[in-house]
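This report concerns only the one structure given below.
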Amino acid sequence: MVTVEDGRIVAADNACTLGEQKFLGEPRLKGPIQREGKGWKDITYDEAILRTVEMLRDAERPLLFGWSGTHVEAQCIGVHMAEVLRGVIDNTSSVCHGPSILAIQEVGHPGCTLGQVKNRADLVVYWGCNPIEAHPRHLSRYTRYAEGFFLPNDYLDRTVIVADIRKTETGNIADEFVQVTPGGDYAVLSALRAIVRGKRDIIPRSVAGVPREQLFRIADRCLNAKFIAFYFGLGLTMSRGKYKNVRNAIELVSELNRHTKATISAMRGHYNVYGSNEVNTWMTGYPFGIDFARGIAFYNPGETTAIDVLARRECDACLVVASDPAAHFPRACVEHLADIPTVVIDPYPNATTAFADIQIPVAVTGIDAAGTAYRMDGVPIRMRRVLKTDYPSDEEILGRMYAMLQEDHPP
Amino acid sequence: MKKTVDVSIPIGPMHPCWKEPIRLKCETIGERVLRTEVELGYMKKGIERIMRGRPWQEVMFLAERICGICSVIHNMVFIEAMEGISGIAVPPRAAYLRVVVNELDRMESHILANFSYCYTIEHETLAMYLLNVREIVLDQLERITGSRINTAYMIPGGVRFDITEEDAAALLAGLARVEEDVERYTRMFATSYLIALRSRGVGTMTREKAIEAHAVGPTGRASNVPECDLRLQHPTYQKLGFTPVCRTEGDNFARNMVRFDEVMQSISLIRQCIGQLPEGPIRGGGACTAGEITYQGEAPRGELTYYIKSDEYGRIIDITVRTPSIMNIEACTHHMINDVTSVADVTSTFISSDPCVACTER
Amino acid sequence: MSESIIWYLREFLRTEWIRKFLLAKTDPLVTPPYFKDYPTLTGKECTACYQCMMICPAPGAIAVLRHDDGWRPEIYPGHCIRCGLCVEACPEDVLQSGRVLEAQHRDRTGFRATFHLSIDREICMRCGNCCISCPVGREGEPDGAVLKIEKGGVQILNSDLCTGCKTCEVNCPNRGIRVARVVEGVQEAAA
Amino acid sequence: MSLLQKLKNRVRSKSIHVCFVDVGSCNGCDIEVLACLAPRYDIEQYGIYVHNNPREADILLVMGAVTPQWVDKLVAIWEKIPEPKAAIAIGNCPISGCVYNRRDSYIDPPAAKHIPIAAQVPGCPPRPTEILAAILSLAPTIFENYEEKKR
């Protein structure tokens, strides 16, 4: 529930700090802006779209990056655009849960929806993530505190294990906190797999800073649980070992599935990054980092992902949609981003704006635009709009761009 | 180069004589011990840190669990400090009951200390006698408060349970048994030739040294510092006409005898309390409020100080505890153990000062 | 020396000692009735007023759980310190331990408590753990909740419904919410 | 079962050597274990002998919420005890951390995180009778047919 005054949202109910900031929003741009010398000048939407299309047309190897903060319909158009342009399309998961997806491609994904977790999970494991700060309402809505159908005394019936390299705020409310030395996740997960397999005697006294006895305790807790929900964050995917860590975690879960029910899910970042993966997969066959340079979809993480394309200084134009690469990419990539023409399609000015030539403000999905988004467990949700504003939606802007591009390349 | 020290002997942290982890490092020449150093820090739990931001009903239990042996006095000093902050008056019956429980706790603590000493000098017979007598004292404690150790008896504005006629009678009967036994064991201790060999003249501390080191409790009183007994300043004890026990020798023997005498004194104090026990309520009510206080009380081991600052709802904002053992351990290492003739005397002298590591480190 | 030997002989030739020496028998190891053991249920109906959870000084020692046939407090050994405060605080006499309940009835003692909630909006993440875990108002009536995230922050809707059970405080990851429990021990004048 | 094994079972259940280690308790459990020595409880009539040398002990009594100083030393003591061995957690502290287990305290409970704990005696502190009962009920089951179980 939100309160609207004078066409602006002034308060949101049941939203965490992060969610509330999304609803209240920073000051938004009135219209598209273009860099002129050291300043900016206002341009119209038509001009902005035209210039963007020109930029993409002139580019040899355009990069279409972002997509995680917009709705599925716009993402579809993005893929079509990339195909027409023979460019590279990548989403934020290449710097986020890309390794998790690689692991899932190798060994599969024993996942479930959050509703299942809410109603059934009596043991929740958070590995390398800090939901209190990154997904504040995850615990209260779906895991620990949610009133489950089969768990009448909610948080008293559930156990939470948190594994991290330092005691986080989530660790404060965990039943068991496991402190792993940085980079030791693979070893700890392997040890747990061995214990679940019944090979307790081969475990050394301590594994990556975790005492043997604690590993036994965790394994026993897992084996005695009725339903385990395992969540991992970037602490697992982006630490040493990368996708091998996640693969190991998935294999631990499948190991546990011989004894009880266990599921594993990633704690995704942007609200629709899952949707972006889905859209890319159903349209091109690959989840992220897709290169259309050969006319067909080509996927090779490490070659066709945004960071690599930028670091090799290959791309010569960049369209950033609903994300903020300048805030997260390595310095070399951002330097290249500053050198090439860049257009940002995002409701709010952000760090990438400083490197962009044009920024086109759009409506925010779920606030003043409707659209479909995939929740982090892969459930598509239709988001309604609460405000009526004059901002065009991503779908509209991109649709017009695509229409113009299509004129160049009639099918 | 002249060799000053032959060998440095560590005692502890896990040692049959120590019931708690503490480490002594003795620098020796031959059998003689030149210097001793204490190494603490095995028990640090951060109790004062976790006390902050909590109301009395939680801090009371944390205070009690600073030390399990002298738990009652920690409870009593904390609660009386909170009463001092909030201006809560204690009904007279409750004040007397507090003294009864406090003195029972002092008795069991002193008997345990003497047991430890006898155990350390390998007089196991007397040690076991004492330990058995202590059980009778604990029975009385349990009868009044419902638990043997960590009794949680006092609350702001009173005490938790009243004492009935039968309980009082049973308490007095128990005390008579204790008195008879302790009297015999005191005689045993005082006249035994073997104990005298290990105790008399060992670990002597003069009055001047005791004052300099701020020795407190029985350790101070054994060195003729009677004014260190803070019960002299407590209103209920003043009403009972309390005079401290005091000896002049300042050696291991005197410290144990002071404790024996104090057990006898406690018995008479309890009898006085039960005799004069006024009728009336045991709880007066009253909520804790904001304020700041420094309050002291006499623990079995000596002076116990609480500094407390609380907020408007009676939650603790800041708390500092100074326990008696830290002064006694310092006095012991600097003035008693210096130049004792054997390592065996180091342990017995150290135990005779009745150190409590759990108190000291919290 | 001689005196000591005589003393020892006297000590060991007492009839009591000799009898003990020959017919040694340890006392039967009984737990006295006045020992405050883990609280047990009396069978009276629990109304889920959470007074026991409010006063309990040990973390995780007691929880009022929902069962098919109603509410029931559960004591967790290993956490419970057997202080008996929950027995005294319970207004319905659901729990008993040792002689605590009996003494309480005899002396007409009890606890009176008031609660004050405060929220530090600077550090509150609005994760909602307090609102969701709060046991009050979970059954049915929509206005019965104490806390709710509204208008950009945790709002205290009905502070008078707060039972001081400190669930919110325990489950807050960063001490954003605090509940002050002002408890005083009271005694009714003897009738 | 060989005769030798039967003999060993018999001897082991009648002679239990106990070593206790205080890893940061309030002393309450400590003195309750001491009270077991008292003639009233008379721990030695059951063949339990308390001495503080881990190298000749069978059972380790762990008391106290594990303080940072003890984390490595507790494991070292545990490994000094010869097989067959068992550890018993006495009191709430090694089981759950008791009242100290709050944010900001230095302790690292439970003890079962550091060494294998075979039995727990809850209570703050437990009564001597409870401690006695725990040792007596645990010892035969742990040590029975040790050689055969090992194989």
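Letters are used for the chains, namely A, B, C and D, taken in the order the chains are written, and counting of residues starts over at 1 for each.
As a working rule, a residue touches a chain if its C-beta (ideal position, glycine included) is under 8 Å from a C-beta of that chain, and two chains touch if they have at least 3 such contacts.
Note that the structure is predicted; figures quoted are calculated from it, not measured.
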item: Higher-contact pair (C-beta pairs counted), A-D versus B-C; value: B-C
item: Central subunit by CA centre of mass proxy; value: C
item: Label of the chain whose CA centroid is most distant from the centroid of subunit C; value: A
item: Gap in Å, rounded to a whole number, between the CA centres of subunit D and subunit A; value: 50
item: Subunit B and subunit D: spacing of chain centres that average the CA atoms, whole Å; value: 27
item: Subunit A and subunit B, separation of their C-alpha mean positions in angstrom; value: 61
item: Of all residues in subunit D, the ones touching two or more other chains; value: 39-40, 98-99, 102-103, 124, 127
item: Shared interface positions of subunit B, touching two or more other chains; value: 58, 61-62, 150
item: Subunit A: positions in contact with at least two other chains; value: 172
item: Topology of the chain contact graph, where touching chains are joined (line, ring, star, complete, other); value: other
item: Every chain pair in contact, whichever chains are involved; value: A-C, A-D, B-C, B-D, C-D
item: List of subunit B residues in touch with subunit C within their complex; value: 53, 55-58, 60-62, 139, 142-143, 146-147, 150, 152, 155-158, 160-162, 164, 187-188, 191-193, 281-288, 311, 313-315
item: Complex contact set, residues of subunit D against subunit A; value: 75, 103, 112-116
item: Subunit D-facing residues of subunit B, complex; value: 13-16, 19-21, 41-47, 49-50, 58, 61-62, 64-69, 71, 112, 115, 128, 131-132, 134-135, 138, 148-150, 356, 358
item: Contact footprint of subunit D on subunit A as seen in their complex; value: 172, 205, 211, 213-214, 216-217
item: Subunit B partner contacts - residues on subunit C that touch it in the complex; value: 1, 3-4, 7, 11, 32, 34-36, 55, 57-58, 81-85, 88, 97-100, 103, 106-107, 109, 112, 114, 116, 175, 178, 180-187, 189-190
